[in-house]
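The next part holds the structures, each set out as structure tokens.
Look for subunit A in each of the two complexes below; its partner is subunit B in the first and subunit C in the second.
After this line comes the complex of A and B, so read on.
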């Protein structure tokens, strides 16, 4: 399936141009407004005058999803009115947890008959996908996949099956995850937070560090090659071993797994290795952001410089932003050495 | 009488702030809402879900319950009718 559009909301703004700029700029200091350093999305990023009325009741989580989905649609150049069959798949690790916990707090504070119906509707995991569907006036299938580790990969597989069976001509496939106070607390208790604010994707450590992030990415996937084309997503699989020899591996190492030693195996393939978690932050659905980076690299035929080159195992890292002949990129996520996922992208 | 009008004015001001905040009326400032502006339909453009939010808002902030929907239509007509309902019922409770 063809990658015909990308929309993104992340710590440094909104839109594929902002993301490209961030990839070129590299690391920036995370925000330190909460209890941990983190890559938060600013409130100003989540406003859009053209969508004010339609997003009036949407919470932060849904706003991130709506804005990135709308941008992916616009980026694709696909005419909304002529869009015959559009599917929507939203992947998330934790859903709108901030609203969910706020709703539960309200029940405790005010009683179960005295809680906001809007807050209740936003606390449902499918709310964000429903906002996207309603705003795009979509009549195709809409699904939310909630899974900790491989939500985006499973979303891609579902999107691929809808396109393959002819159910949809296009699928908006994306992810969204937010960093609320509860999540901040969970990260603080469960993860090794990088106090200096630097994720180290190429340390391949058994005690990796993280800087939590939040945001949303939507990819417009199409059956046919469209006006805008980033390349093709040819396979998403969970193999025991990685086969093939891509021009570039993009790895999801970001400190969200307890152990990242499994990535050491990638070194033996001899291909270039990159990973961009220091740009957008650590999150379980970070795969979608790396996917967007890979698609952008295929389209532009540019490999972006990796941030933080602490490279104790001598991996062949992408050490400068430069033109490269990129025909195939594998996006790899390894949770434990025996659990791998590959998303294959081709020019 | 002067005291009543002063109280009503305070309630209206508070109500407008609560409506903007609780109904996420991002593009409207509290002072933009007229006292007698129709809240639903052609006026401020609120809908049925907003009506339930206002019921919750009245319960939480003023301890008032509106259960009779016929009565609710009259009470929810404008900020002014809401304020008068709050003023009268808070006085008697």
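After this line comes the complex of A and C, so read on.
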């Protein structure tokens, strides 16, 4: 399936141009406004005058999803509201948990009978996808899924199934996750937070460090090559072993897994290795951001410099932003050595 | 490619397995009553599962326990045993509550001190339904927990069908599970759609829904794979359709066109005509809006003689579990040749052109439809076929 549009909301703004700029700029200091250093999405990023009325009741999680989905549509040039054949798949690890806790605040403060129906309806996981379908006036199948390990990969598989069986001509496939106060606490207690704010993707460590992030990415996937084209997603699979020699591996190492030593195996393939988690932060749905980076590289035929190059195992890292002949990129996520996924992208 | 339903399993307030469920439905037994799982001042009756089979009961993971109870029955029915590592197996299960970290005790402690015991967080991280089922079965295919509110179970089954059709797996475990929880009870209460009495789907005097809990799981296989493994199939999952209302977060589109499109898509996906459907297991929550829209759509698509019912009078509305539970009932009814009476129905509503079955009714025919409508404007339908 063809990648015909990308929309993104992340710590440094909104839109594929902002993302490309961030990939070129490299690392910036995470925000330190909460209990841990984190890549948070600013409130100013989540306002859009053209959507104010339609998003007036939407929470932060839904806003992130809506803005990235709308941008992916615009980027693709596809007029979605004329097409019933557009599907929507939104994947998330934690959903709109901040709204859930805000709803529980109401229960604790005002009792079981005096809670807000608006908060409740926004706390449901599929509220965000529902806003997306309503704003795009799209009537096609709309599904929200939740996973911890491979949320984006499973969303891509579903999008591919819908396109392959002719259920849809296009699928808006994306991820969203937010970093609320409770999630910050859970991250602080359960993760090895990088105090100096630097994720180290190429340490391939058994005690990796993380800097939690938040945001949303939507990808417009199409059966046919469209006006805009980033390349093709040719396969998403869960192989025991990685085979093939792509021009570039993009790895999801970001400190969200307890052990990243499994990535050491890909050094032997001799391909160039990159990973961009220091640009957007550590997230269970971070694969979608790395996928967006890979698609952008295929389109532009530019490999972006990896931010941190602490490289104890001598991996062949992408160490400068430069023009490169890129025909094939594999996006790899390894949770444990025996649990891994590959997304294959081609020019 | 056809998809065989090779096993079904269920747990609900109506019983711990399929046999008990069908017995309750046959006898019109309704096990609704006050909430016992937690304390609340809300007066609404619910449909709770009284106790879980010991081998599946895990403290703090009620939805997962319900799912595993139904899963074990379905696997037995299909003649399969864990692990399924020798097969290409996908797992697709719908839920709502299990996807949310909404432990009130944990949050109360966190609010007070900024500190709280992480046990509920750890259980939550272990409790993603599809991931935990896939892990327990050593399933190597795709795994997805569907969180499409009240259509989650039906969508999960439809997604499994897509996987099988596109060759992603040979076996799919699909369905839905959900537990009674204080957060959605308060939420549905705030929306003003809970009934103070036992629900009465499609009745003139219906006053809202009752929440319920349970799980319904189907084992679905590619026909060629199943025939090699077992022989002649008896049930098929034949079609799936899903359309969005693109209208409102909590209310269905009044013209029902989203649901109508979903039903028509499911029929065309199955390659059948309206006249081929011998009954519809409707979503039928017992709310004013849902039943009015759904009744009108069913009448428009199938005419006024269609046999239909809602089984929520026996189970309550089990949210993410509903699509799974109702698919199990639909499959069992096709196999057994009868459908139960629509519990709670007494008076015809003049705003609904059709009337549900009011007694246990024999059915003749090979195809049945099960529908789900959801928050967010999701409408989904599946077609099940008796071989």
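Details
Note that the second predicted complex is superposed on the first by the 344 of 347 C-alpha atoms of A that agree within 3 Å, B and C clash if a C-alpha of one lies under 4 Å from a C-alpha of the other, contacts with A are read in each partner's own complex, and residues count from 1 in each chain.
To be clear about the criterion, a contact is a pair of C-beta atoms (placed from the backbone, for glycine too) under 8 Å apart; a residue touches a chain by one contact, two chains touch by 3 or more.
Bear in mind that the values here come from a model prediction, so they are computed numbers and not experimental data.
When the shared chain is aligned, no partner comes close enough to touch A:74: not subunit B, not subunit C.
Looking at the shared chain after the overlay, A:324 reaches neither subunit B nor subunit C.
In the superposition on chain A, no contact is made by A:223 with either subunit B or subunit C.
Using the contact criterion defined above for the overlaid structures, shared-chain residue A:264 touches neither subunit B nor subunit C, since it reaches no partner. Looking at the shared chain after the overlay, A:110 reaches subunit B, while subunit C stays out of its contact range. Greater residue coverage of subunit A by touch, when subunit B is weighed against subunit C, goes to C. Once the two complexes are overlaid on the shared chain, A:56 sits against subunit B while remaining clear of subunit C. Subunit A uses residues 57, 115-117, 121 to touch subunit B in one structure and subunit C in the other. By the touch criterion given at the top, residues 47, 52-53, 56-57, 110, 114-118, 121 of subunit A touch subunit B in their complex. Looking at the complex, you find that subunit B touches subunit A at residues 22-27, 49, 52-53, 56, 59-60. Within the complex formed with subunit C, the subunit A residues making contact are 57, 84, 88, 92, 94-95, 97, 100-101, 103-105, 107-108, 111-113, 115-117, 120-127, 129-131, 133-134, 136-149, 154, 157-158, 160-162, 164-165, 167, 182, 185-186, 189-190, 238. By the touch rule above, subunit C contacts subunit A in their complex via residues 40-42, 96, 99-102, 104, 107-108, 110-111, 114-116, 118, 121, 125, 128, 130-131, 140-149, 155, 159, 162-163, 165-166, 168, 182-192, 242-250, 257-258, 261, 374-378.
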